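Handing you a structure now.
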Amino acid sequence: MSASAVHGLWTDLAAPAAEPIARIQAPTIEYAQLSPVLIVIGAAVLGILVEAFVPRRGRYHAQLFVSGVALAAGFAAVVALAVSGYATTGAGVAAEGAVAVDGPALFLQGVILLVGLVALFTFAERRLDPATHGNPVDSFAAQAASVPGSDSEKAAVKAGFTTTEVFPLLLFAVGGMMVFPAANDLLTLFIALEVFSLPLYLLCALARRKRLLSQEAAVKYFLLGAFASAFTLFGIALLYGYAGSVNYGRIAQVVEGTVQEVSPALAGTMGNDVLLLIGAALVTMGLLFKVGAVPFHMWTPDVYQGAPTPVTGFMASATKVAAFGALLRLLYVVLPGLRWDWRPVMWAVAAVTMVIGAIVAITQTDIKRLLAYSSIAHAGFILAGVIATRPEGISSVLFYLAAYSFVTVGAFAVVTLVRDAGGEATHLSKWAGLGRRSPLVAAVFAVFLLAFAGIPLTSGFAGKFAVFKAAAEGGAAPLVVVGVLSSAVAAFFYIRVIVLMFFSEPKPEGPTVAVPSPLTTTAIAVGAAVTVVLGVAPQYFLDLANSAGVFVR
Amino acid sequence: MIALLIAAPLLGAAVLLCGGRRLDKAGHWIGTALAFVSFGLGAVLFAGLLGRGAEDRTLVQHLYSWVPVEGFQADVAFRLDQLSITFVLLITGVGSLIHVYSIGYMEHDERRRRFFGYLNLFLAAMLILVLADNYLLLYLGWEGVGLASYLLIGFWQHKPSAATAAKKAFLVNRVGDMGLSIAVMLMFTTFGTFAFTPVLDSVGAATSGAAAPVGEGTLTAIALMLLLAACGKSAQVPLQSWLGDAMEGPTPVSALIHAATMVTAGVYLIVRSGAIFDAAPDAQLVVTVVGAVTLIFGAIVGCAKDDIKKALAGSTMSQIGYMVLAAGLGPIGYAVAIMHLVTHGFFKAGLFLGAGSVMHGMNDEVDMRKYGGLRKYMPVTFVTFGLGYLAIIGFPGLSGFFSKDLIIEAAFAKGGVQGWILGTVTLVGAGITAYYMTRVMLMTFFGEERWRNLPAASPDAPDVEPAAGHGGVPHPHESPKVMTVPMIVLAFGSVFAGAFFGIGERFVHWLEPVTSFEHGHPPVSALTVTAATVTVMAIGVGLAWLHYGRRPVPVVAPRGSLLTRAARRDLYQDDFNHVVLVRGGEHLTRSLVYVDHTLVDGVVNGTAAGVGGLSSRMRRLQNGFARSYAVSMFGGTAVLVAATLLMRAV
Amino acid sequence: MNPVNYLYLAALLFTIGATGVLVRRNAIVVFMCIELMLNACNLSLIAFSRMHGNLDGQIIAFFTMVVAAAEVVVGLAIIVSLFRTRHSASVDDARLMKL
Amino acid sequence: MSFPLLTATAVLPALGAVATAAVPAARRTAAKWLALLVSLATLVLAVVVAVRFEPGGARYQLTETYEWIPAFGVRWELGVDGIGVALMLLTALLIPFIVLAGWHDADPLETRSKRWRPTQGFFALILMVEAMVILSFEATDVFLFYIFFEAMLIPMYFLIGGFGDRAHQGGEEAAATQRSYAAVKFLLYNLAGGLIMLAAVIGLYVAAGSFSLPDIVAARASGELEMGANTERLLFLGFFFAFAVKAPLWPLHTWLPNAMGEATAPVAVLITAVVDKVGTFAMLRFCLGLFPEASKWATPVVLVLALISIVYGALLAVGQRDIKRLVAYASISHFGFIILGIFVMTSQGQSGATLYMVNHGISTAALMLVAGFLISRRGSRLIADYGGVQKVAPVLAGTFLIGGLATLSLPGLAPFVSEFLVLVGAFARYPVVGIIATFGIVLAALYTLVLYQRTMTGPVKPELVKLPDLRVRELAVVAPLIALLIFLGVYPKPLTDLVNPAVRHTMSDVQEHDPEPEVEAAK
């Protein structure tokens, strides 16, 4: 090993110390440009303090207030940044190049914040279950630590405990998700990944009803998630080894071979594409796991089914947004030079994801599992847009994510309403004749289903069209055909639910539709409104996505 | 003017059918009046034509453009010339008479108004048929009369047999219509039009070499298609089977539609399209053959039927066979065919009305074996029927004699072997005609009164016609004036029409400008032919008298010879149809229904089921074991990495 | 010594960890295997860091340790709660949800 | 910018639908009247369109263009040619009758809940379908057309699945299951077709860079837009498949009998007389207009399929035991004729096909609605359950017969003209095809007359003795239709004048000329 390659750290130690260093220059942090994230994370910390110091009675309202304000403020900050041009002309990197502040980042952060807000409403819903011992209860366990069915749990319920920690957890998750698509180096990527994953693991375990399912979901999600992030980390290590840096721009340069002053070590690793390819594959795999693409999808149904429905809604929408954002940035910023290597593979993944998601969904009998599989199929559709490798690809994916996340959050919000003695009645057979009992709820849900199916005049159609169009223009016509066919298959099971709700006689012992508080009502209303608006007049949002569809290097 | 001719009965039909019950009282008078109106108009037009020179007796009235489409012009235009006016007079004349007759005949039917409505509809359609100036409009009338005939045959719809007969008639006619429409299409593709004048002229021009020649094959095809149509309408072999069943309709209908006018439309079509047939000798030969075969076929059937109307139907068939045969002979035959058509119109209508009157007096009994000796009970009917009888068998001096004799001559005049064969056939036909008509005559009006000692009211005549209120022994009685008068008038026609037309070939010359008449030159002198005819006729009468005049007629039909039994069953033609077409069709449709359900639908449902099965199989991979999920992830990653490396490798 | 050997070692450890995740039933052990994989990553990071002669790798390694610690907190919490409900830490027992 | 007449024609029923749906549960009758009035108003607007339209004028008239989704290159671009006007008129004309005929079809058996308002829903959905169908006849922007082509499936789907025959063998339960089966089948067939078309639509955009039909046609004509033969063929197939499902063409037809059988008669009319016409219309406008070469390339196959439809549909109609299914198969046969006329590429054929769309709409409406009245009286769809109706309900029988005669295209009634034109057009280019198709007319006579004979004639079935004749409302539905059939049968000129120029344009799109007659007829 040549001396020149030896790092300064050691040599400096060997040398006699110079006079003590008077000043070190601190890194410059652009607080303004990071404000959205900072606000949310700060609020999360504040939430922890609330847990510590506010008396139990006041916590719920305090937390709700803090989180609501934080998310709203965060969104305001995002809008402010976007207006002041950071989305387009002023786009750049912040915090020593750790975080990118550009169109896609801000767009997705905005979406995540809004979805988070809507999800917050469903989190805070306390009228669906009858009040126990005079205390209104939400969908989270009274005391997660207590064993299900044990005396301690009963005591906790009697005492009217509620797990208000969910709000800070939600905020942390949102914060992580906001950083995820904005991360501009692999380290930030990994940290963000963990920051939003860990709260989700916990949230999954916190269901009030069906706690065994909930805990099982948490365990599966946690173990598999950790497993995946281990792969990601290894991939990061390899990429770092290849490029000698974790900075996206730097890696990209190295990949394209446009890098100046090549150190001998770098020259050595640069020659070794295996590092690059394996590393890229592993990092991609980690992201594919988060978006739930085949064959990394198998956690999705179980987790979606077991987790508390508000959490499922949040996960299904926000996680996808964040993960696809990160995936886009990785593929478009870091690995464009590798396009010819990853495109075919992603083709295959996209195709398989669509097909399997659609086909397996047909025989599902639980509404939440059904939606889980549908989300898998949709991941496939979005991937079709991702691999378009052209600006339309980015903007179409952004639009699709916006459209899809609101449909999802709304749909799961409706699921929370349909209840029977055992809590939510998620088995499809119980949904029979819902349209006769409460036409409005059924109609709204039908709208969401039609949007999932991609029927014209719903946001689902606009998104699907945008994505397929981009894919076709990107020369992925066969993929479009596969997508079209699998959405034909997918249509079948959405229709099945509609048939069930409207055309089959209601069962006497069927579930009741709980009358929600304004919170859930707002959530559903927002979801439905966005679905219709993006379906009928998508132009403004398409423009937005278009103008936002440029990554900063 | 011409339009009014048609409008009158059309108006009648509209009024009567839409008018509702409030017209029940006056319905029949309205119908009859309008029929007479159009007859009057026809007479006026006729006078008008007489007023003109022989050559410019063709009036064309162009009403409006019916179907104007790129390169396709169909107008509603009417053409009045010697040929069509002849038909107009026949149709409206006989039609009016039968309207009158029906007033009496349908007196007790509560749906009489609708009956007259249908009759008027028929008149209108038939007039359109004969007055049309192009084949498409002719087609309109062609199907119109078909519809009217359908409605009238099935007038007593509560009788399943009637409904079936009506349906059968329509369907068989549809087969013929196929021919007509294909013929029209052929004309369109060949000449770019299907109006009479251009088509026929250009055919003439082509054959005379004045214009670009048209492939004789095409012309033959057109001609044969027209012949097919004619066969359907005029009940010629092989499409004759519906006529017998059509007798289910009320007797006036049989008289008007299935004897005098509609069934002769085929002859009109052939004569009208003479130019085409002249240019296609092969087709002409086929026409003559069809005519000859039907002639004999009908005659044989006529000999065996005990149902008086069916016997007459057979005779109708046979007589039309004569006409078709004549029409097949070309210019020598056209006019003759039409002449026989007219005379036949008179006497056959008369015969049917007579038969109707007999049934009217006999509780609607149709089985001649249950008649006998009726002459003294219904003298008028007897006389008129008798005159018609004499006319049809061609008794010298009566109308049938003239027309039929001319046809036979023309047949011989065809010359060569064909001439001899056809001539003989026609002769034999005349003989058989004489035989079966005599049979009818004898069984009905002579012999002992077999109806006196009947077991009960005949089974095959349930209380269908309201006239048959009482069963038991019938009390034969003469029909009311309103029925007898028309019969008398027709009798006059059947006596004198032939002479009036025949003497000096007045009729032939009248038609000549349209049908281009030319004298045939029979190998033997006309006188010989006539003599032969009369002899054959006499033999026929004699035989009949031997069989039915001398010995008593058994009330229950004897088993009879093989031929008789075959003839009773219309020479098994229906059975053939039933087995081949009906059964076969049923099997075909049933199997197709099966195919549609299992195969066409099955494929789709199969794929659906396949996807479903695939789904439930793939579902099993989701086995709930976290570790197996991890395995899939691990495997997936491995594949991902391998694939990426592979991409670089290749 | 050839730095590549460290990488081989790291890869080996990583594979061992992954295999452990796949074959072991006890949730704790599975989790430990994941920790092993993370540490394998750390090793490779540090090795690369040394090769390239910059500090990024080492810094990431520190972050990874923190993350691992955090994961332990969350993970153990979940696993323990599962264990207390079911009196078994076997991941295979937790399969109420399937198909 | 003049008054957006075309938009108004479509928006009016849409608004009407919303209003109808909003009528409170108790005021059922008000909703019915509202729906009827709206549909009549729409008819008035449609007539205005027809009057403002000059047959001799530009190809597309009354055009409107607004930006809608520039990002997709989609414009709200409407315009009608003669064919569009004719079919628009047909739609606007039939809907009032459908509403009137379905007056009592959606009255709730028992009030399930205060919010359950089937009647309002029924009529609102019908109006919604009308709006979308009209738009798809007006749209000259492919994407716009596609949107409504697809979207109209949803209301149709609820109409079929939600409001079946009251009268059903095997009770309400069986009825419900069969209904939803039929509805799902309908939706999946058409959705599959539509989605495949979606792929083709995207492909078209990629290939042509525009969705505007006139622009694309012009660009292709001027040769500045080159489309590879294979691309064009693939796109053609994508479009044609969707339309063939909708039309429907053998072997994609099996959804129609189920749908028409299970739906109430007015809805069945809506399906076959209105909605399905969009398919054939689109073949004429889009397949031939956008992909002339590919259309010619596909002609032989299409013709064969059309012939199969004609004969096969007719034969199956003969074999049916269920009145409505019989009519459905008859329609399949007729759609065969329409498609035949479109693809023989002669002006007679195409004018015939267009007239056929209109006439078939009217005739089927007449036949099916009368059949519906009959069925609602007896409570059975089985032919075997009837007999001798003619005796007890002569008017009903008479109208039924006329409807039937129209179905077998009797000369003097409207369908004859169109059918004959199609036959002539086919014969002029492919004699054999013409001759085979001619067999259809015999079979048509067969199934119609058999149906009439079995149901209307013969001795009166005991349970039918009390059968009431047509009521005033029902007569008001049937009489105008029959009058129209007769009028268009003897004087179709107004319609042909409307259609001829449009057909001339289509013929020039596909660069085809009618075959010349063998010899010039002596004039």
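Which chain is which? They are A, B, C and D, in the order written, and residues in each are numbered from 1.
The working rule: a contact is a pair of C-beta atoms (placed from the backbone, for glycine too) under 8 Å apart; a residue touches a chain by one contact, two chains touch by 3 or more.
Quantities reported herein were computed from a predicted structural model and do not represent experimental measurements.
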Higher-contact pair (C-beta pairs counted), B-D versus A-B: B-D
Most central chain, Cα average position: D
Relative to subunit A, chain with the most remote C-alpha centre: B
Mean-CA-position distance for subunit D and subunit B (Å): 37
Between subunit A and subunit B, centroid-to-centroid distance (C-alpha), Å: 81
Distance from the mean Cα position of subunit C to that of subunit B, given in whole angstrom: 97
Distance from the mean Cα position of subunit D to that of subunit A, given in whole angstrom: 46
Sites on subunit D at which at least two other chains make contact: none
Junction residues of subunit A - those touching two or more other chains: 219-220, 223, 227, 231, 301-302, 492
Where subunit C touches two or more other chains, by residue: 18, 21, 30, 91, 94-98
Full enumeration of touching chain pairs: A-B, A-C, A-D, B-C, B-D
Touching residues on subunit B, where the partner in the complex is subunit C: 619-620, 622-627, 630-631, 634
Complex contacts: residues of subunit C adjacent to subunit B: 18, 21-23, 25, 30, 91-92, 94-99
Subunit D-touching residues of subunit A, taken from the complex the two chains share: 436-440, 450, 453, 455-457, 461-462, 465-466, 468-469, 472-473, 477, 480-481, 484-485, 487-488, 491-492, 495-496, 499, 502-505, 538-539, 542-543, 546
Of subunit A, residues touching subunit B in the complex: 219-220, 223-224, 227-228, 231, 273-274, 277-278, 280-282, 284-285, 289, 294-296, 298-299, 301-302, 340-342, 344-345, 348-349, 356, 359-364, 489, 492
Subunit A to subunit C touching residues, read off their complex: 1, 5-7, 9, 144-145, 147-148, 186-187, 190-191, 194, 198, 201-202, 205, 211-213, 215-220, 222-223, 226-227, 230-231, 233-234, 236-238, 240-241, 244-246, 263, 265-266, 268-269, 301-302, 305-306
